[in-house]
Structure formats: C-alpha cells, structure tokens
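Got some structures for you, see below.
In the two complexes that follow, subunit A is the common piece, with subunit B as its partner first and subunit C second.
Presenting the complex of A and B:
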C-alpha cells in the first residue's frame, strides 16, 4: 500500500508552516518558563536581570527538598512494583488465553482513560472507608498504592506493544530445541522485550513523579510530594522560586520521557 | 474500515514436543496453558480489583448514601437524593459551561491537528519518526508545569502583555478568564488529537486521493469525499481523547481560570475537599464516569487503540 504523496507548491509551504507553528506552540512556553526562572525580579512574569539565586533558594528550602525526596521515594517504589505487575499482565494477555481475560483487559485500560479527578475521588473514598475499618493513616503507603494502580496499565501497554511486534516463532524455535517454556522465556523472550520493560518503567516513573490530582486526594498526615506542594504554592501566590522548581520538574520529566521513547526504539539485543 | 482495527484473534497453539499429539494430550495442554495464563495475570488482576474496581464501586455506593452531620456519609440509608440535586440551576450552568469549553477545546485541537497530522503522514519515514518524538515529549511531560508556564506568560506585565503593548493593543487581560482555560486545555491535550489522527491518516492509501484528482475533483472535493471520510476513525478517537479529560479538567481551571470559570472537574473536587458533601460529589463523579464509559465504548468501536 502506498502512503499519501507529498503535496506540491503552495500547499506544501502552508502545511510546513503550520507544522512549525504547532512546534512553536508546544515549545515556546517551556522556553519562556526556563528563561524566567533565571530572572532577578519579585514578579514571576517580569524580566529583571540574570540570577541563579532561585535555584539556590530551592536547594536550601527544606520543605521543597523534603517534598522532592518524598516524590523520588514514591516514584521508585511505584515504578518497581508496576514494572513487575505490568510486565506479567502483558505476557499473560499477549501469550496466553485464560478465563476472564476480556474483563482483565478492560480493567487494565480503564485507569488510562478515566479522568484524573474521577480516579482521585474513587481512591479518596476507598482509603477513607478502609482507614475507618482497619485503622491506618494516609501518607506514603496510600500514595504509593495509588500510583501503582495507574502505572501498571501504562507499563502493560508498552510491554504488550513490544510483545505483539515480536516474532513468536523465536520462542517456538527455542522450545523445539528442548528449552522449557520458562527457559525460552528467560533466554529468548525476556531479552527481546527488555527495551519495552525499560521504556514502560521510565514512563511509569515520569507519571508517578508528575502526578498532582490523585496524590493530593490520597495524602494525609502532612505528607506532600513536590508537585502537590508546588500546586499549593501556586494557589497561594506565585513567586519566581516556583519557576525554578517547575523547571527542575520539567527537565526531569522531559529527560525521562526522552529516555523512555529511546528505550522503546532499541533493538532487543542492545538492551542486555 | 472497522475491520482493520480489530485485533487478530490468535488461536490457542499448544506447544507440542516429543509426545504424540492425541486430542487428549492437546486438551490437557490447553487446560494447562489457561491455568498458567491466569496465574501470571493474577497479581496485577487482584491489584486492580482491590485498588481500582472496588474504589469505583465505592463511589457508586456513596452516591446513593445520605450526607451526615459531620460532613461524612451515612451508609445505612440509601436514596436518590444526590441525583435529584443534580437537577439544579447552578449545576446545570456548570455542566453546560464545562461541555461548551470542552467542545471548543476539541474543535480547536481538531482544526490545528489536522493539517499537522496530514503533513506528518506525507513525510519520509525518518522525518515522521523525528516529528512524532517531538510530539510525544510534551504529551508525557508534567501537565502541572506546562499549565503553569502559561500562567507566567499571561501574567500581569508578563511576556504576552509586553508583546500586545508593542503591537499597539491596549492592556490585555487573558489570565483568569475562560479563554485562558481553553488555551491551557488545548496546550495540554493537543497531542491526544494529533496521535490518533496521524495514525489514521497514515494508513490511508494515497492512490485513492490521486484517483479522485484524476477524476477531476478539486482539492476541496477530494478532501470532503475521500480524505475526510477515510480519516474519520482518527477524528472520532482524537475528539473523545480530548473531550473527556477536558470535561474532567481540574488543574487547568484552578491555575488559569478565575472565579466563575469553575468546571465539572474542579466542582467535584470542591464537593470533597471544601463543601464536604461526599454523596453529592460521588453522584457527579458517577455521572462523569458513565459519560466516560460510553465515550470509551465508542472509541474502541470506531477508532481502536491508536495510542
């Protein structure tokens, strides 16, 4: 099948110009934010000469660094657990047929499509009720459990895409050569889907580090992650310090996403 | 067209080695395969049942409960009061406003994305991949910060008002208006439209468009009768993916909107965190979820999994 041929003449010029405008729209605000994080002014939107003092303020603010540390701890836990559970679910769905498969498939997709607010409300009521019955306090545990709940789906989708694109004849060949199913998985499938697992894991980490709405709902006992803390600061009143913190979060998130996309494009044998 | 998007139903292929493949042997193999599959899926399955399906049911149960004096919910008396409350002037205003802003956001995204996705589909393989990566990066990048960037741009004496002054417009006030909210939503959800649109335009056989031109269709006719109908699955999928999160938006109206721009998402949050009317908030969430589920079913029927 042949794709659409490139248009000629002024149409091509107009289309190319539109595309550049879209990229400008995507990246110009990010650039502006980065520039203003170096601005020596009390007003976050006004340029007042170059300074790096907002970044050193960030580093010496114990509330902010504490929240950053919380974010990192939760992201690591959420990533590790969701990578294991998400990969297992991807293998089960892509390589096996079992009872209840369609329900499971649907259950895996729902957290991806459901609006943040709805999922946040669900988990808020659930944990409130559970705390009533079993008596635990909200904080690290409830945040990590919630993050895992939405990260599993994303890991599973990325790994499944990798498995679906993989030639399953390789596995069969291994088993024809007397490898057990486990050996075939361990020595053939796993190395080949490793880029997918890595990509899914990095994506899960990004999502966990970036989440505001769900975390805000399930937190308690003074526990705060960096985005939740920054969100509360923005609502109180904006200072250029928030610009600097935002840039740090933005750069971290963009680097992780870029690495994730890169990992997903790797060939299997490069990743081991 | 729909058939293209359905996933292949892979038959159970029992792995046979050494022994003779009698029907009994195959049946035993299939049964073992099923048990293994379920066993491997089980941890994630249970996790999502406990931390997703049960919370979802909790919301539905709460929506039928009665508000008690302490701002909690009385789970002993169930009624439809919260749903009756939804038929209120203020709620109708908020729902209409949210739907209006979400539709506007979806339309703007569609108009901006279509030429972009089309252009991307016409480029070489390498160019496409590069273009795609630079759409994907903002797609997954911190939503809060990306909205906050617009707060800085639109702020008092900020870059935008400087540009407006330079161009000779008077002082402009965009921040804390509905326009700012739509701008933030478009900025946030544009990739949701571009990706499925691109996926569906990229699949179109270019010869069909050429054939229409050979048969004397002008550009507009060719678009209307060939390109647009063939790209419709992507249009529908993208529109749903933009419309649903816009309807439930919370962060964007909180940061860029002002008083009088509260949307469905932010109103639900208020019910839980400030007004403490849990059953009412739960009822609104349930309605939003029903909308979302209906849209999701349409999405899978029409557009398939394009993300």
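Presenting the complex of A and C:
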C-alpha cells in the first residue's frame, strides 16, 4: 500500500505530529472533564480526591432527572416524527420529478445552514403569533415541534444519500416480479435504505438531546430539557455536579453518534 | 376426414395463432413541448408463441423502450399492446404474465440467491416452503446448486446472470423479456450463454424477447429479428431475410458488412451506377429513384485484370488493390474502383491468387447476390 502518494521522509513525521496535536486539542478537555467529575471538591477545577458522589447527587436531584426525562421524551418524539417525514421527503426528492422541486429541495436544507439563534428567534415569533390565534402554551409541544423542524433536514440528507446510491431498477425488478408498489417499497427499498434511516434517526436524536439555543427560546411554563437546565445551573457557579451531568450527556451523544455511523456502514458493501 | 374433424382443426388453429405479443400502432413520447422525444414511433409488431425474438438496433433506437412497454414499466402514449390477446396497455407490471431479465440483472443485494429467486412466487402469495422448493429447482436448472445462501455480491457476473434468469423463469412467464442480458459478460462467457439461452428457450417453449445492440448475437440466437432505428421499426425477418434481402439502406449496412454502391434506377430492371455503367438489378423502385446496390464483401470475386469469366462480364468492375489484410480464413481487400472503394473478402483457400496493394485487378459478382435498397 505504499504508493507514490504515500507521504515519506520529514513530511510523514510532520503530518503525524499535526494529527496528534489536533487530537490532543480535541480530547484533552474531555479527559479533564471526566477526571474532575470524580473530584471530591466543591470547586469544579480543584482536585479533592476521588468520589462518585456527584453522580449519585445527579441521580437523586429531582430537577435534574426531571429535565433528563423531558429531554428523552422530546428526543424520542422528535426522532420518530422527523424520521418519517424526512424519509418521505427524501424519497419524494430522489425518486419523483415535480414542479417546484428545486425550490423545495433548497428550502428543505435551510435549517442546516441558518444559525441556530436565527432559527430560534423565527420559531419564537411564530409560536407567539400562533399562541395568539390558537391559544396554546409553550412547553413540550413547542419544543418538540421545533426539534422536528430542524431534524427533518438532517434525516432527509442522510436518507437521500442512501437512496441515491441505490439502483432504481431494483424497484422495477420487484414490480416485474409481482410486487405491488407498496410491497416493492416494503421488501426492497426500505431494507436497502434502512441503514440511512437508522443513521439519520440517531443523528436527529443526538441533535435533539444536545440542543440548547432553540429550546431555550421556545420553552415556557417552567419546562426545561437537560442541556438548558445545566446552562441555567452554570450561572449559580460551576460545581463538579455539572461535570458529572456533562459526562453523562457526552457519553450518551458519543454512543448515539457511534451507533449512527455503524448503522450507515451496515450492509454498505451490498448497496450497489 | 369428417366435418367435425375439420372443425376441430380450425379451432386449434385459432387457439395457437394468438400472438404472444401483439403491438399495433404503438407510439411512446417522453417529455413535452420542445423537449419532446419520440422514443417509439407508431410500430406494429407480432411475436409468436414460443418464438425467440430479437429487437436489434443502435442505442437510442427505441428497442429498450418497446421492451419496457411490454413489461409494463412504461405505458404507450398511444396504440394497442396485447399479450396473448389481452389488452395490457396501462396494466402495471405486477399484473402481467411476463418477467424480465434486466440489464445488469438488478438482483436484490440484501437477499440471498434463494430469496431472490423465490421473490416472485412469494409476492404472488405462494407459501414459503413451496416457493423455496420451486426456486431450488430453478437454481438447479441454471446450475447454481450450492449457491442458495450466497448474496449476489459474492457471485461472478456469469453467476449473477443465471440468478436473474432463474428469478424470472421461476414464475413460468408466458413471455420472457431480456434486456441486453449478456452485455456485461466477457466474450467467451457471452458465447456460451448465447447457446445456453437458446437451448433453454427451446426446452421451455416460452417466447423470449431479447433486446440487443449486437447484431451477431441477434443473428446467432433468434428465430426472427426486428431492426429498429430512431424509434421506427425498419424490418422484421429471419436472419437470412435481413442479411440477404434488407429492406433499406440502414438494415443493409447494420446487419453484417456490405458495400453500398450509389446508383439510380433505370428502365428494364437496370440500374445506373455512379460511373455510368449499367447493371442488371431488379427492384420494385420506380425509374429515377436514387438507390444503392448492396454487395456483401464475400459475394465479390477478385482476379487479375481481364480474368472475368464471360458470364459475369456485365457485373464486373476494374480497380486497383489499395490494402490487403490477411485474416487467416480469408483475405480482406480494399479495391479502388475509379469512383468508389469496395471491400472484398476472398477465402484464403481456393482464391485465384493473392494480391498486393497496387495490383491491377477485376472484381465481379453473381447476378443473384446483388440487392437494391433505398433510404
């Protein structure tokens, strides 16, 4: 595997050193965070001996666990709805030709590129108007709707990439072999894009669980998700409790991202 | 023979003369307005039951679109399409008694060979055990026993081809459609599969409709061949008919190699060649029609200048050899006659001498081997 493009001599060393530096820069803070989440000291940045009490504090703090429960419920709802809608829009954009397709295509990806805070303000104004007209209060519903709104785009992108790599003759072959349109989708298309759907769904769940900015704008009535609650705790001072909560969120996110990558690689060699 | 007996024969005649596929005045347009493309332009075609039928033409000629309309993957813009007497014009593919072997096979990558082959039966509601049993029979038939549990990606191109064949045939289609099925195989495998497909078709007695751009493949395998060009059906006939009596200039040129010598129809079965010489070449074209005389390279004899046998004097030309290529079984010459260049293929054995570039020669042909074509 040592082709002409393989780096050699001092370039090789320099590239390796740069890579290690970048990784150090990424992961040193995480390591520090994890270490200090076990520190037996009120001050978050002073080491005071090993303890796991911050984790048990987290488990027994009803406000924290309540916020965690909120986060999970919203993440599950946002993921399920955005997976269905995102997959449907991906199929529509990839498989059919219709009027206004390009516009629809561009608009669908807008939430990916516009800044979170812009999106948050937009949604806040929108919900304020809607509340005037329809009379509902902000909270679970508004947060879930907002998360669905930005998750659809990500799901759609991931599923579409998978669909684009799939031979559309396969559906024709299924229908030629007596499958109805639905059966062709169910037995051929769906299994083949499933890694994309799973990957997109896990990505959506990660984004929903981690979101602070948008959630903070559209929440109300004392409703809070875990990241938003943690953010509010910081104003009272950083304790190792926050370190422990952060570690839990970090691990959860990393597990989800890893699962997402795994799902996308699943059966990847078979997708013609 | 009694009257009843005669009547009985008549009934059988009627029953067996229903075409497997009957296409009447079918046109297919794609797009609209300025972007409109006529892929298939008002074609009529009858494919008999049990026939090996090839649709031949260059890419973009409409042969694949025609096949897809028979399969139900495209619907005709206008015209009638019947399969065994039933109008199927806008019936979806899953409601038609035909199955397709796709170009590049379109095997389901997430299913095993067995699941691929039993798919059609399962979709028709056949229970799993029966479907697997019949699928296994077909897998045996295409000589892939032992490969049932493999995924398509673990098979060679030739094996994938066989799976595609088994997957279609397991449903006992009344017509099997094949879209360039051998295109992805290398030459040797392709020739083997040609013979296998032909004998399989003979054993099953099912109509095969075969789309190809390879004229040799069409000539080797088919009972009849339809030549298409620019969405139009130019000629339908046996290999011999197409080769010996092409309907027009395109068919003459597309099927095999030929010399097309520009000419004009004169009176009395004569045509006037470009150099003014008159040649006897009967045709149905009116006097004055611009035509071409098709002469196959192997139908032309070559000899030293002045050696033309007396009976061929009227059908000969003088020229100079410009190139000579040794092909093993034959010698391929290009002979410059004053206004054209003729390709001549002389058998390596039994020719009247061999010639070098620059040699002055005469060429002549048998009167029955020329054929007049118009546009």
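Basically, the second predicted complex is superposed on the first by the 262 of 272 C-alpha atoms of A that agree within 3 Å, B and C clash if a C-alpha of one lies under 4 Å from a C-alpha of the other, contacts with A are read in each partner's own complex, and residues count from 1 in each chain.
Following the convention adopted for this analysis, a residue touches a chain if its C-beta (ideal position, glycine included) is under 8 Å from a C-beta of that chain, and two chains touch if they have at least 3 such contacts.
Not measured: the values here are computed from a predicted model.
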{"item": "Touched partner set for A:191, first subunit B, second subunit C, both or neither", "value": "second"}
{"item": "More subunit A residues in contact - subunit B or subunit C", "value": "B"}
{"item": "Touched partner set for A:175, first subunit B, second subunit C, both or neither", "value": "both"}
{"item": "Which of subunit B and subunit C A:167 touches, first, second, both or neither", "value": "second"}
{"item": "Partner chain(s) touched by A:183 [first = subunit B, second = subunit C, both, neither]", "value": "second"}
{"item": "Set intersection of subunit A contacts, subunit C complex versus subunit B complex", "value": "172, 175-176, 178, 181"}
{"item": "List of subunit A residues in touch with subunit B within their complex", "value": "1-7, 11, 14-16, 18-19, 22-23, 25-27, 29-30, 32-33, 36, 43-46, 84-86, 88-89, 91-93, 95-101, 104, 107-118, 120-126, 129, 145-146, 148-149, 152, 156-157, 172, 175-176, 178, 181, 203, 206-207, 209-210, 212-213, 217, 227, 230-231, 234-235, 238, 242-243, 246-247, 249-250, 253-254, 257-258, 260-261"}
{"item": "In the complex with subunit C, residue positions of subunit A that touch it", "value": "167, 169-170, 172-181, 183, 187-188, 191-192, 267, 269-272"}
{"item": "List of subunit C residues in touch with subunit A within their complex", "value": "71-73, 92-94, 98-100, 102-104, 106-110, 119-120, 123-124, 151-153, 167-168, 171"}
{"item": "Contacting residues of subunit B [partner subunit A, same complex]", "value": "10, 12, 15, 17, 33-38, 40-41, 43-45, 47-49, 51-56, 58-59, 62, 112-113, 115-116, 118-123, 131, 133-138, 140-146, 148-159, 187, 190, 194, 201-202, 204-207, 209-210, 219, 244-245, 247-251, 254-255, 265, 268-269, 272, 278, 281-282, 285, 288-289, 292, 296, 299, 307"}
